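Chain lettering (A, B, C and D) follows the sequence in which the chains are written, and residue indices restart at 1 in each chain.
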């Protein structure tokens, strides 16, 4: 069961590595089924190139393994928590990509400095707060999901499909596994550009709000005209 | 019709991606026919590797599709406006390459700091001003072309085949599609070098004007002696 | 004899080069046999791609060649000294990888700024002091090992499998050759991220100690739950 | 004639491009014959991948073409001038590699900050002064060679096989074409490391002179013990 989803998730994990977003095994992609009750995710610590569809692990929305002979990614509790709370998302990508992680380590949101950013993220990519010692001790990976959800109070996860977890790294999401991977690639690119921009001008201004809105609407919503129909 | 031009434009788009200048589908190359009334351009949002000559879209100088089953790049109105105003250019490349975009986001012109720059661009690469809210609302992509043309009042587009659009990204041009791509590659390289130069010395001096002129004339004009005849 | 170890060491040296950690022949990997009395190491100055198992040099723990027709790496005295003093390590990797070497040249320890670092190194990666003129003259490579051992007084080499030698470059180690290579890759990645983090905020805080401990214990020790059993 | 030298020079030019040191056609390698009266050099503006041995151009020490149907590199007068003045060198590489060029554009010498540098360059890599307007006008490329020779008064070109020409880019040399290429690769690597080192500490100290001497002598001179005999 879920064979098509397993192949989509496997492929997104392979492309994650091929695209230069991960070092060693620092990253994983998952996908949610149409019934929204099963998550397919990468097994923990297994190199990307070797992954076969049958290696993918199926868990329920409590993170319990329901199919597969390998342990799921240690970040599985974060993934399932996001699927439970963010309506409409169908894929999640977690990486430790260089520049997005640098912003997460600096605990600094990633402002929209240009149209490249605006095409993918509607505003500054937010930072989720550090976990407390108790939150780390009790249910670390689940609580990582909870501080992300807490940070998104009042935000639309479909308009802002990315977060930086303070002292940790980014998570991105999207309609499906492939879409969440696209957002991970875009996030790393705009993080690299933002650092270079600040090196040229530490006071570089954010993009004008009307350009941000325009670019976002070129690609998203009923009047989108980017790409093919 | 225009089969040769379609193949040239397709190839330049493929090389654009292979050369590391684009992430996802953030970039496009177009070419103008000899009669200067038809533009061949990349279809919007289609991955570069898959492009076939027949996928290329033909538009007139008002940006109306005259041949091809796919939507043209959403930046088409910018391209056609530049072809209408810049005599002598036959190809345009638009990218969001990392370092050139950082200069565009910092809204800072890219000065000539060395002979690498002088070989391609005769002086500092200029920045086109941000569009107003009204300009964004009415005809965003066409107005992007208009602010570029406005910025080039008194400048020779053949001696300065590049511009940085504030808060957006670079456009380059040239005799044909391949030449505009070369200038996009050169622009990204000199932008990266310029940032590194400023990190070593924020007051790094511009290249002496007589060296700028010399290098430019080695490669351009009647007394050029670089390359083969 | 030691055929399996030779192949392991050869492969780690090839992967060292393939992974982008070395320029020219600036790096080497060695492995210790189970009896802990023989070290297999790369021959000096030989390109990685050409290495055959039979090219690997076998030395004893005094660094004397006991098998092999080529000279061992000039860094051999450093390797054997570390094997003699650090119980439990079975592989060593030495590189001049860009960012880790920059920290070594700046003679600045590499603090733990995030969970990427915590997954591999339990705290700040220390700097070994510069050698004196007498130490350089008498037994340079051996003394390089001695200042590393001196710096690790009170530190557990298995919890901190890396060091930066001031004005020189990093050494990493691990259970075996492959594990030491993983730590070299991780060290370079976290060094690059740390520099970018400091460019965003020169006062970026170290990771909370309780998160450092948690991440380290996810991957190491009796309660580790990262990866497959 | 000079078939072996042509093949060596062709191969060094191909490796120059493959090694990531050049963008477009910004770089060239030449080699001197044993009789020290003929220089084989890359033709101007020809892509590296296509080069055949027969495309290599042979010039005399005045830069006059004596064999070959293509124009030699426009930098040929610089190459021949260096061969005339620097006894013992048999190959020259010129690039516009990113970081070495940034130091040249900042007109700042590249100090020895670590052993990586010391293994190849015995001290700080010097900067040759900018040419005057008259020197640019009269014999630009020849005078580029002359300011390099002027800067090397009192320096041994074999112990310091590199220079940064102010506002331009680096030249390196060596025993033969391949050796000059190695020095170009080493120069770019240490320039990148030096910039990163200064970003961590703008006051980073130079390497102790006794370590510089030690490392240089490990690789050069009668007591060298790096590599195979």
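Brief remarks on what is shown
Methods note: contacts are C-beta pairs under 8 Å (C-beta built on N, C-alpha and C of every residue); 3 or more make two chains touch, one makes a residue touch a chain.
Because the structure is a prediction, the values reported are computed rather than measured.
Among the remaining chains, none touches subunit A as well as subunit B. Ranked by how far their CA centres sit from the centre of subunit A, the chains are topped by D. Under half of the residue numbers at the subunit C-subunit D interface are used by both copies of the sequence.
Separating the centre of subunit A from that of subunit C, both taken as means of CA atoms, is a distance of 32 Å.
Centroid to centroid, with C-alpha atoms defining each point, subunit B and subunit C lie 46 Å apart.
Within subunit D, residues 199 each touch two or more of the remaining chains.
Interchain contacts (touch definition given at top) occur between A-B, A-C, B-D, C-D.
By the touch criterion stated above, subunit B contacts subunit A in their complex at residues 23-26, 43-46, 70-71, 74, 96, 98-99, 101-108, 130-131, 133, 136-137, 140, 167-169, 195, 198-199. On subunit A, the positions that touch subunit B within their shared complex are 113-116, 119, 182, 185-186, 189, 192-194, 196-197, 199-201, 204-205, 207-208, 210-211, 214, 218, 225-229.
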